[in-house]
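Both complexes below contain chain A, partnered by chain B and then by chain C.
Showing the complex of A and B:
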C-alpha cells in the first residue's frame, strides 16, 4: 500500500496536478469532447447525423482524434509577409497563459495540496490572468499582416471591451456576498447546497454570457466568422499553430468554466473532502469540479445548434444595454445577500 | 411629376425584452429537437435512394431499333454522344456486309439532360433510374457500342436498402423505407 500511496502523492503533487493534469489534459480532453458534442448536437437538432463513419459505435468520436493527428502532422506555413516572432509566439503564449489560472484556484480545502501557499487573493489573480490570452489573439492578428486578420483583431478588441467588465463584475458579486476574494472561503460558504447559482442567478447568467462572448462561442462568434472575415485573426495560421488557436478557445472556455463552477456551483460542494490521503482530499474533489465545468462547457456547446451569429453591433448593443445592467444588478443583489447572510 | 421623397414612419418593433423572449423560444425548440431528433440523413452505402420512374439516369441503347438518324448526337448539348460507323451483316441479305452508324456515349461529358432520349424518333434510347456507378479510370467512361447496350450494374443495390423521401406536412422531408416491391 505504501507504493500506491506514494504514486498517488506524486500524481497529486500540486503544480503537476493543477496545471498539467487538470489544466492541460483536462482542457485537452474537454476540447475534443466539446467539439465532438458540438458537431453531434448541431446535427441532432438540424435533423442530420454528424460524424459517423469513422467509428459508428462511438458516434464518430475517432473522427476528432483523426482531425487532431492531422493538425499535428500538417505543414506549418509561415507567409513571408508576417512578423515572424509574434506570429509564432502569440498562439503558443495564448495557449499557455490560458491554462495558468489553474495554478491559482484551490481544488482541495487543504493547504498542502495547493500549488501556491496562500489563497487570499485567488479569485482576483485567476480573473486577472484569464484576461490576458485574448490580447494574444489580437497580437497574432496584427502580426499576420493581412486585412482579414486585422479586421478580426479589431472585432476581437471590441468584444473584449464589452465582455471583460461584465465577467469581472459578475464574479466579484460573489466576493461582495462573502466579503472575501479567497476562493476557498467562497466555496466553503456555499457548502453543501447554498450555491450562488440559486442565490444569485442573475450574476451567473451574466457571467455565462460573458464567457460565451470571450471565447467566441456561437451566438457571439464574431471575431472569426468565416463568412465575413475568412478566419478572423487566425486567417494566416496553419497546422499546429491553427490548432492551438482554435483549441485555445475551448481551453479558455474550460478554464473559465472551472472558475465559474468554483464561484457559482459550489466547487466540490455536496462532497466534504476528508483530510486523509491525496485520493479523497484532492483527486475526487477536483474531479467533481471538472465534471461541473465540463457540463457548463457542453451547455455552451449546445448553443451552436440553435443560434446563428449576431452582428457585431447587435452583440455590443446587447452586451452594454442588457448584460452589463444584469451584471450590476447581480452585484447589487450580491451585496444585499452579504448583508442578509 | 418629379418623384418626391416621403418619410415613412416605421414603428419600431420590439425592444430588448422581445429579443429575450424570442431567444428563449429558439432555445426551447432546440431542446425539443435535441431530445427527440427527427433525422433524415441517408446512410448511403447501407441505404440508397429509390428514384421515381422518369428519373434521368444512365442511358442505354437498343441497337436493333436504332435507325441511325443521328438526331441524338446532333442535339447533345455537351457533345457527349457521337456516331460511330460499323460494318455488320445485313439482316435482309445475309451474304452482304453493310455500313451503319450507331451512337456511343462519353460519360465524362454527359450531363444527363435526357435530350437524346426525348428526341429519338423510334425510342431506341432509354434511361435507367440511377446514376451512382463508378468507373476505375477515365478511359472506362468512353463506352463502346457493346457496353452502351448493356445496363450497368449498380453495386449499392446488392448491400443496401431502398428508401424514399416523402413530404410530411409538419416536418418537411422525411425518410421512409420503400414499401412492398415498388
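Showing the complex of A and C:
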C-alpha cells in the first residue's frame, strides 16, 4: 500500500503533474486529437474520408502519430542566410514557454497539490506568461531573413496587439466579479453550476474570439496564410523545428482553453473533491479540466471547415471595433455581477 | 552604399544591364514556385501592405502552340491546342474546328452540333467548378475547394462516358464528332443535372453567402463597366462588370441559336459579382444540357457525320459506326488537304471568348494559326486593377478572374 501511495504521490507531485503531465502530455495528446478531429470533421463536411490508411479501424488516428515521427526524423534544413541562434531557439522557446502557464494554475482545491505555494495572483501570472510565445514566432520570422517570413511576422505582431488586450480584459471580468485574481477563488465561487459562461457569456465569447485570433485558427488564419506568404513566419523551417512551430499553435490553444475552462467553465465543477488523496483531489479534477479544454479546442478546430480567412485589416477592424467593445461590456457586466453577488 | 554614375556607366559599357532599385518599396516575387501563384510570377511592389505595382510576368509555360501547329496535320492540331486549357478542352478546340469547317465549306450534322453543345456545357460546368475550388482555397475556404473538385468529377465522368477520356476529348472532327452517345446516356445526364441543381443552394450557403467570404470579396478588385470595356476583358469577368456580352449570344455558333438560355450579368464588377456570374452560369449550363439531351433523345436516328462523309467510308468503318456509333478516322482524313483561304472563328470558353485565325495555303498543314485566349486578354487586370489593393487581395483578384496561366501563355 505504501508503494502505491508513493508512486501516486510522485506522479501527483505538483510541478511535475502540472507542467509535464497535464501541460506537456495533455497538450501533446490534445494536439494529436485536435488535428485528427479537425481533419476528420473537415473531411466529413467536405464529403471525403480524411485520414484512413494508417489505421482504418481507429479512423486513421495513427496517421497523426506517423506524421509526428516523420517530423522528428526529417532533416532540419537551416538556410545559410538565417541568423542561426534565434532561428533555432525561437520555436523551442515558444513551445516550452507555451506550457509554462500550467505552473500557475490550480488543478486541485488542496494546497499540497499546488505547484506554487500561493495562488493569490495566479490568474495574472498565467496570463502574463501566455503572452510571451507569440513574440517568439516574430523573432523566428525575423531571424529567417526571408521576405515572406518578415511579412508574416509583421502580420503576427499586428494581430497580437489586437487580441492580447481583448483576452486580458475579458478574463479580468472574472476578477472583477469575484474581486480576486486567485484562480482558486474564481473556480470555487462557480461551483457547482454557477459558471461564468452562463453569468457572463459576452466576456466568454470575446475571450473565445481572442484565442481564435491568437492561435491563427480560422477565420483568423492570417499570419501563416499559405496563398500570400507561403508559411508566414515559418516559411524557412523544416523537420522538428517546423513541427514545434505548428504544434505550438495547438499547444497554446490548449493552454488558453485550460485557463478559459477554469475561469468560465467552473474548473472541475460540478465535481467536488471529497478527500485529499491523489486520485480524488488531483487526478480526477485535472481530467475534468482537461476534458473541458479539449472540447473548447475541438470547437475551435471545427471552424476550419466553415470559414475562409479574413483579410488582415478586416480582422483587425473587427477586433478593435467589435470584439474589444464586447470585452469591455463583459468587464462592465462583470463589475455589476460583482456588486450583485 | 551607393554607386556613382561613373561606375554605372562603366558597367553599362560592358553590357551589364543596370537599373535602380526603388528603395521606397518592398518588392516581393510571388511565384512561380509559390503555393498561390499558379504557373506564373508576379513582381509585386508593396508600400506597407498596399500594392503599388503588380507586374504579371507571363510566359512561364509558353509552349509555342502557334508555331507547333504549322508543323502538324490539320486533325492533329486538336490534341495540341487542347493542352492550352486542359480543363476546358471542348470549348477551347471547338472554334478551331469551326474555322476549319469554314475553310472546307462543310456543315456539321445537327446531331453532331447538339452533341458538341452538350459536351461544351458539361465542360463549362467542370471548368467553373475547378476555378471555383481554386478560388475557395486561395481565400482559405477548403470546403469550397473540396466540393468544387468533388462535384466536378460528376461531369468529368460523364464526359468520359461520352468521349472515352476524362479531359482531352479530341471529340470534334470537321463535319461531326467522333462518337455518338451511348444508349442510356440521357438518364445519366438527367441524374447529374438533378444532382448538381440540388447542390447549388449548398454552395451558396457555405461560400457565397458566408459572412467571412462576403466581407472578403465585396468591393475588392472592382472593374467598372467602362473600365472593363476599355481593358477588353472577356467572359465572366466582363459580365461581372455589367456588360452583356457572350459569344453564344452575340454570334451564335453550332446550335446555340436554337437553345433557350440566359446570360447572367452582375453590375457590381467586384470579386463577389464575378463569382456569382460563374455560379449562375453553371445553372444556365444545366438548362442547356437538359435541352440538348432532350433533342438528342428525340432524334436518335440522325447521323453524327454528314451523309456524304458516311458514303465515303469503307465497309469496315461503316460497320463499326452502325454497331457502336464510333467514327473511325481514315488515313486520308489525317493527311487531308484543305483549300487555300483564311478563316476566323470565335467561341465562348469557360473563361471567356476564344478566337482562332486559320490560314491555309492548300497543303496538309496550316500556313498560320493564331489563337487569342480569354486568359491572355484577362491578364491585363493584374497590372491595372491590383495597385491600390492590399497584399491579401492578390489571391482574391487572381482567383476571381479565374486566370489559367497555361491558357494565356499558349
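FYI, the second predicted complex is superposed on the first by the 340 of 341 C-alpha atoms of A that agree within 3 Å, B and C clash if a C-alpha of one lies under 4 Å from a C-alpha of the other, contacts with A are read in each partner's own complex, and residues count from 1 in each chain.
Here is the rule we go by: contacts are C-beta pairs under 8 Å (C-beta built on N, C-alpha and C of every residue); 3 or more make two chains touch, one makes a residue touch a chain.
None of these values were measured; they are calculated from a predicted model.
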Superposed partners chain B and chain C on chain A - clash or fit: clash
First (chain B), second (chain C), both or neither touched by A:225: second
Touched partner set for A:44, first chain B, second chain C, both or neither: first
Chain A residues touched by each partner, larger count belonging to chain B or chain C: C
Partner chain in contact with A:311 - chain B first, chain C second, else both or neither: second
Partner chain in contact with A:180 - chain B first, chain C second, else both or neither: neither
Chain B versus chain C as contact partner of A:322, first or second or both or neither: first
Contacts of A:301 with chain B and chain C, given as first, second, both or neither: neither
On chain A, positions contacted by chain B and by chain C: 45-48, 305-307
In the complex, chain A residues that touch chain B: 41, 44-49, 52, 302-303, 305-307, 318, 321-322
Contacting residues of chain A [partner chain C, same complex]: 42, 45-48, 147-148, 151, 218-219, 221-222, 225-230, 304-314
Chain B residues within the chain A interface of the complex: 16, 19-20, 26-27, 29-30, 33-34, 37-41, 43
Chain A-touching residues of chain C, taken from the complex the two chains share: 26, 28, 30, 34-36, 49, 136-144, 146-147, 150, 206, 210, 212-213, 215-216, 390-395
